[in-house]
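Take this structure, written in structure tokens, and hold onto it; I'll ask about it next.
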């Protein structure tokens, strides 16, 4: 946008305006929001005969909650698509685009925070009212939501990391929807784009900075005033998983790390030099990814807790699984896409040991 | 429901079940939520040609926010209808229905609290991004929302208490929508039903309890240790507006009170005897109405503040009105339906002066 | 209070007033809040010499957060003490006290909700700023908070259900504090008082209602339209854990149930007859206990997630435990005091099978 | 910090560490938080004699709420001091310090958001419980809080803009406290430092960029497709208040604008060129100031609404003021420090008319 001159932009804008005027001709709030379509998607059951039964009210509350979730899921997907597009470019030279990414990621966080608040309304329904039609109404859950699965896939959740019952997408989806999900899984995910971006950090084009950082780590471990030997030994082993490629790979093979070794090195450099020109924004992007990962994990937990409360547990001593047990199983670290970034603080050499960044 | 016996209920339930199975035959989350219809109501503008321009993103955020608002407005209207139906019955003898009302009012409060949180997402849009298409896009506001007007009308906001530009509903609505709004305004509002319910409080069928209460008030004013004479005088005058019907009426005529004198007396009795059997739930209903009134007022304020921030102010010294000035004008007490209940604590005789309730 | 007459109460109040006037003589906000003492408890480190180092700022944020937590923990303990006192009386005949309990439990929930919001401020600190003084500053955690341990103990968390490192209270506490904790553990907990209250439900004084309920359950299982045999079998087994005392006891021995059999029966009766006079409030009390349990579990999760984010994880593949792993371990069901009430919905016979309550 | 070499920093850190170890020698959470002092500041009234009266519970809830407020006010003051210090330097060349300011302002916003949530707990107290000791207990309010007045003063609220009853600080404060407040008012406020910073924007050292911007504005007004003549006229007048110094000054004299003309020009340039290198962060700082202003205004409103609800209103028709009326009066624009920034979007020329920034 910055390359076109003022006049062009004015003309461009005029065309744009004309096109918009068609859409918004009536300047009518209801048309503009397509409210007829939106609100009509809630006409339901026997309401038409004037008699609204008590259970249908409950039906409506969850319904509303789930529709609201879907609206916001759509917005999340929208923002994620833009972030992915921006990450595909050459970010390291483009501050404006990094600011743009930050804004989008921040908005996604805001939306997930809002989704967390939705439980307050849903929980005005009590389990015992809900229990009365347990036989008909399966608890509506993100589990069956195409959009939620797409968010997970686009974030970078791999099919093989999903819990068993969701490994094949045919559990809930077929036809056009199955295809849509397949397609989303095939595209480069946010995770892989972040990985690739971190691998391409200019500072790591040669080994100078990384070698210097490694020496800083050695220095730190030597000077450590840690009195507990076993604790020091543990830290030493941990640092080996950073500096020795084969040890890193072993963790990856065990499913305990997700980043490539190069991406991990990139992330460490960004954190270590976060006060240096050029890395501050990169660091903020990593922080925002951790925020999203963390908030999503809170949302999963709140979702699990709500469903558990609503349907109770069949499993107490008698075995078997329920919706809430499925949700509980997705709380594991393998569902946390950016878990490597979350775990990272334990791997960072304290700033005082790290020499200033050598500019190339 | 309590009058039919177990067997009948089982049969009833079976029929009910069959009918539901038709609707939910596919047991499919997406069909069930009618997501195609819902999410389709957001396809927009030039997105079809693959080029999504920056401003359209903004468009989408407000859009999503407004659609989410409308979903929840619909739920509020739904709950209000049930509350109004229940209030039309003989509540004073029916604890279960009072509990039911409390639950519904509580849910409305929860929803408004959730709506308050929506601003967090909307405010991820900055005024300056927004400003760029100020010429095309009028800020979407509750102002033009049929459902929000209906909520106001059903609560009891009278046409004559609306600010000028909204007095006639023809400002934004016509045809079917105008009629719908007219019809909602013609039905008994929540305010009038609450009023009627308070007027019918059994304790006020004769004057015994009220006279006793009036003597308690006299006693209080006499024994007052208030050293400040002007303050005592003010309180005396205030109590006159409770006990002298003509003084109450004058306040009503000035627009400073809304309840009938009898309803005010009912509310006072409920508060004064809120620890007595039968009045505890009534008191909780009044508290819930105050909560809704208060939360709605906070929502209006947050809405005003957001719109002010988004479009700035044209009015600084140059006169004129804008969307935000309209919103500011609705913050006045005449828009607060249950303002009499909010003001009431200043009119209540302290408990220690009030003799126990004489049971009839 | 309701037994004394008006005059006595007025005198009583006057004395009360005189005493208060002494305390509040100065009518001074700062004295009244004892702000000197409060705010002085934050003077710290090298601030006195005018030089505030960057890390000390971080120090202060967590500090403030933890002090705020402690203030509210104190309030929770205060409300819990009142609830315990009220539960010790004969509640089944006393609606006013049940309302009072509900109010207190509701306030505890409100406080925990507020505590959940505190993470928003604490998380304005980034892990990498925090990492720089990892060597000095152990992450301040509820783990070491006497008041939080007391809340857990008073709720009913038994020493043997705590994770190993906290089984003996000598891990963090000694002297006066150890004694205080011991004393709190020795008093009847909220859990045991609730248990005792449910055991004393009048309806279970003989077997009439319970036998009727058991027949309703048989009826339900017989008429079940559940097509999946294994699922029906599972439900049958589950119901046996309700009706057969030895099966219930086995679950208790395995640590999968906490209530006594009689208390479980009481809870089921309250839920099953929650629309009957006398049980509605009891039911609401149980719901409030579930709310507190649920919110506390969310707080634990948020706390775990924050600490994990702050200090990362040493445990990825190298073994060992950290603060965050301790917090993760407290997320198990054995820390959830009212887990039986949370699990209960799966054990309830649908309302249509349950005959009306026989009044004794 | 960036200028000292690694070795020095390590030594520095060691000293620092030693000093901290003294403070935290015991590594004891309770000592570290000085909990004895903190929690002791809440021992109150007749609790010592074992009898806790109902009203004292209420007393404690507000008390706790107010103490929590004061804790967080202290943190706000702390962060404001740092921001003021950073603003005094030459910010335009220092990205790291601008990031630092942003972080601090963001934290202040987070804290105010948290303070907004406190009302949820305070409102678990009902007005009628509260009413019973209206005679003794004045509603505790920010009104009497020294720290809140200091926040207002440090933000830039001038004595002459306060409502009458607070113009002289002697209303609530004397001695040491009065002096402290006087001193805070005498120091350069956040407002004046922001003003000074905007005035020193390098781009305005000569008139080239500003003249170009003025021509863009003329161009915009000429090409306007606004069909409504009166509306266009209004906008023209509004733009005159930007470009004609005497018209700006008139608004300042009327109390309708607060910035100097030069600061206003600076803010406009920052907004207009917010996508240009160097102005993005400045723009984000202005946005953060608007956020704080907005959130504080919401806090004032929520505070007013709560106090109104608690004590009702004496003023309905009988005149007089109450605590809530004072709070209502502080909702006016003169209490909003950065109102000029809030109003600004209406004064900005759309981006398409603005030519690229000429680099000097």
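For clarity, chains are labelled A, B, C and D in written order, and residue numbers in each chain start from 1.
Going forward, contacts are C-beta pairs under 8 Å (C-beta built on N, C-alpha and C of every residue); 3 or more make two chains touch, one makes a residue touch a chain.
Since the structure is predicted, the reported quantities are computational estimates derived from the model, not experimental observations.
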item: Numbering shared by both copies at the subunit D-subunit B contact, with half separating same from different; value: same
item: Label of the chain whose CA centroid is most distant from the centroid of subunit B; value: A
item: Euclidean distance of C-alpha centroids - subunit B vs subunit D, Å; value: 31
item: Rounded Å distance, subunit C centre to subunit D centre (Cα mean); value: 36
item: Where subunit C touches two or more other chains, by residue; value: 17, 135, 352
item: Subunit C-facing residues of subunit A, complex; value: 123, 126-128, 130-132, 134-135, 225-226, 234-235, 237-238, 241, 250-251, 254, 256-257, 271, 274, 283, 287, 290-291, 294, 297-298, 301-302, 305, 308-314, 316-320, 322, 342-348, 350-352
item: Interfacial residue positions of subunit D with respect to subunit A in the complex; value: 2, 5-6, 9-10, 12-13, 95-96, 99, 223, 275, 277, 280, 352-356
item: Subunit A contact footprint on subunit B (complex, rising order); value: 1, 16-17, 19-21, 23-24, 27-30, 32-35, 37-42, 44-46, 52-54, 57, 60-61, 63-64, 66-68, 70-72, 74-75, 78, 82, 103, 106-107, 110-111, 113-114, 117-118, 120-121, 124, 135-138, 140-141, 144-147, 172, 177
